[in-house]
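Chain naming follows the written order as A, B and C, and within any one chain the residues start at number 1.
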Amino acid sequence: MLGEILEQTQRKNPLLHCMVNLVTANDCANLVLACGASPIMAEDLEEAEQVVSACDGLVLNLGTPSPRKVQALLLAGKTAKSQGKPVIFDPVGAGCSDFRRNAAHEMIEQVRPDIIRGNASEIRTLLLGTLARRGVDADVVAEEPLELARALAEKTGAVVVISGDVDVVTDGKTAYRVRNGHPMMRSVTGTGCQMSALIGAYAAANTEKLLHSVLAGVCGFGLCGELAYQRLSVLDGNASYRNYIIDAVYHLTGEALEKGARYEIC
Amino acid sequence: MLGEILEQTQRKNPLLHCMVNLVTANDCANLVLACGASPIMAEDLEEAEQVVSACDGLVLNLGTPSPRKVQALLLAGKTAKSQGKPVIFDPVGAGCSDFRRNAAHEMIEQVRPDIIRGNASEIRTLLLGTLARRGVDADVVAEEPLELARALAEKTGAVVVISGDVDVVTDGKTAYRVRNGHPMMRSVTGTGCQMSALIGAYAAANTEKLLHSVLAGVCGFGLCGELAYQRLSVLDGNASYRNYIIDAVYHLTGEALEKGARYEIC
Amino acid sequence: MLGEILEQTQRKNPLLHCMVNLVTANDCANLVLACGASPIMAEDLEEAEQVVSACDGLVLNLGTPSPRKVQALLLAGKTAKSQGKPVIFDPVGAGCSDFRRNAAHEMIEQVRPDIIRGNASEIRTLLLGTLARRGVDADVVAEEPLELARALAEKTGAVVVISGDVDVVTDGKTAYRVRNGHPMMRSVTGTGCQMSALIGAYAAANTEKLLHSVLAGVCGFGLCGELAYQRLSVLDGNASYRNYIIDAVYHLTGEALEKGARYEIC
């Protein structure tokens, strides 16, 4: 099942519009190439609408935001949705400023992304804000990741991923726990952004199977973190590890993904 | 002949003003250092004029453009030309939006770059626009790369490079086909940007020999892609390949370039 | 002494607000993770104040500046200082345009950074400007690095680092010469930015020991340049070297730093 998602991506070679950030733009572009898709990196409001119209999917990443970039993200997001193209939203650091928090809420309410991926803190920020605006008691969000993800999925209609020691994936009905990945991935900047980009590429090539595309991206990226870790020599640190993760995505096959994916329905 | 271009670059250590993009800025800077030149990375309108005045050459790259960046590119380009410094223009994604297309045409008409490097689609966009504005039939541009390159070279007076399976280089009179390079280079983001930066560095150190500088850059970068490919281990993917290409530029000698360059006059 | 600085950083895992530049943002983020701290990369005026309030230290880097970025640097810097958090200022290319020169002076006069790190030319620019504004004879700055560093430290109250073949560190009273490092580090873009980020991480975790934190950062980064150099294979160039330097920071222990640091009081 997951292997087909990957193989379909390699066959279709979807064009993915990546609006990411200045820290991880290069890694995300190489990641997208590694998995068999093609990236277009464009950031500005001036061309957001036209670029997304030429693409098969869109990644909206909230890292290093500016007011103009947020406008571009909103315009690109709404355009993609109006054209039926999958939109994945990564609320990087959503809780670190009012500016990001507000931008994240605008993104959810105006764009209605198909997929949202963040860590527990980021997803909690999204949920709290959404709830607060709806007058719901914030206490309900002091929950474990699966509850958080389910709550946000129900509110937004999106497939929600929470990354952590164990990842959680749910569309509000079906839910998965994913046990791929390695703790050392935390020592590489932008692994979250990269996972979102991989999910975006898979979704762009498998629009009829969003939930499975997301699951494939979460399992696949974690698996590549494991494979890359096995490859480390005694002198290799987080910089070499960063390269090996992308290398592993480059070599990942459908068969290896089927065998290596470790998830369970819950 | 080509070896001397490289050696002169190492001897002169030219200062190259690189206005590139947020995806490939780091790779381009390391590439410029690898070939024996020194990069100054500056993007803003506020300092475009002064920075270029301190440099020996200028790279104008259209990736991740904004209106303000385009103004900065135009100002830096015109300043460099007025000071007789070589300007190379890389019309990244020229066809992906009206904004880029218009910016590319402004660049050509207002700056008159000495060198233009792109893929066939980008060069076709430049040529179509230019022709359209001059009322010429667009049919003439449905041609093979060599014809495209010649047509743009004649229109603009620039040395034109079209990158592809076989690269084409021409100043409108003399033309070369270059058979260096490796298909895997397409799986690394920004290899086009890096080739433009290498050409820019060579041109900045060899202003009297622009055509040969361009040919050396095209052959040299392709050759480094071949050398880097030979070095790949079974687990290495596009991320390691990216490093090995820059490593190969770092070690490339004039002698190796002379031996490894595969081009023919046509 | 220096080993404790490093170990305290690993224990405390400080959050470092890094306002760097589009060329080296990724390397700086991975460097900060490598040394045991956590980076927040944020650039925009809109969130500068809030982000820095959540952090333990601040890196202000003048690379690829725009007027808006300079405003953000000033606001973040003043906020950090008002909260007693260490601020390190890296005047990248301070002399390459009036815009940068003026921005650098504003940074020094309005923010009063705790630490300033640059090469001799950048520090000379800061000192000349400062002196000129105070009507002092510019002749005094045609001196060797130690005199330059002492003069700027006295004028500003900051701990000043001048990077070069031999690095100099001084708070105006005590001064050190550091003999760590390797000439090949010059062929990697952003090694200066990375050294500043390492110093910033150490300072954020050791606010009571600023001078020793700076010394540890200068020795530690140079030592990692040496260790990375020893690891180079015959085909490795500046791109692999770049990875190995960050890898070495990842593996650097307090004990190794104590043993490998080569400095003398002067």
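Here is the rule we use: contacts are C-beta pairs under 8 Å (C-beta built on N, C-alpha and C of every residue); 3 or more make two chains touch, one makes a residue touch a chain.
Quick caveat, the model's predicted, so the values are computed rather than measured.
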Task = Same or different, please, for the subunit A to subunit B contact, judged on whether over half of the interface numbers appear on both copies.
result = different
Task = Specify the angle of rotation obtained when superposing subunit B on subunit C by their C-alpha atoms, rounded to a multiple of 5 degrees.
result = 120
Key: Inter-chain centre distance, subunit A versus subunit B - centres from mean C-alpha coordinates, in Å   = 33
Message = Among all residues of subunit B, which ones touch two or more of the remaining chains?
response = 22, 26, 242-243
Key: Complex contacts: residues of subunit C adjacent to subunit B   = 21-24, 26-27, 63-67, 93, 96-100, 186-190, 235-240, 242-243
Message = Under the stated contact criterion, what part of subunit A meets subunit B in this complex?
response = 22, 25-26, 29-30, 33-34, 39-44, 46-47, 50-51, 54, 68, 231, 242-251
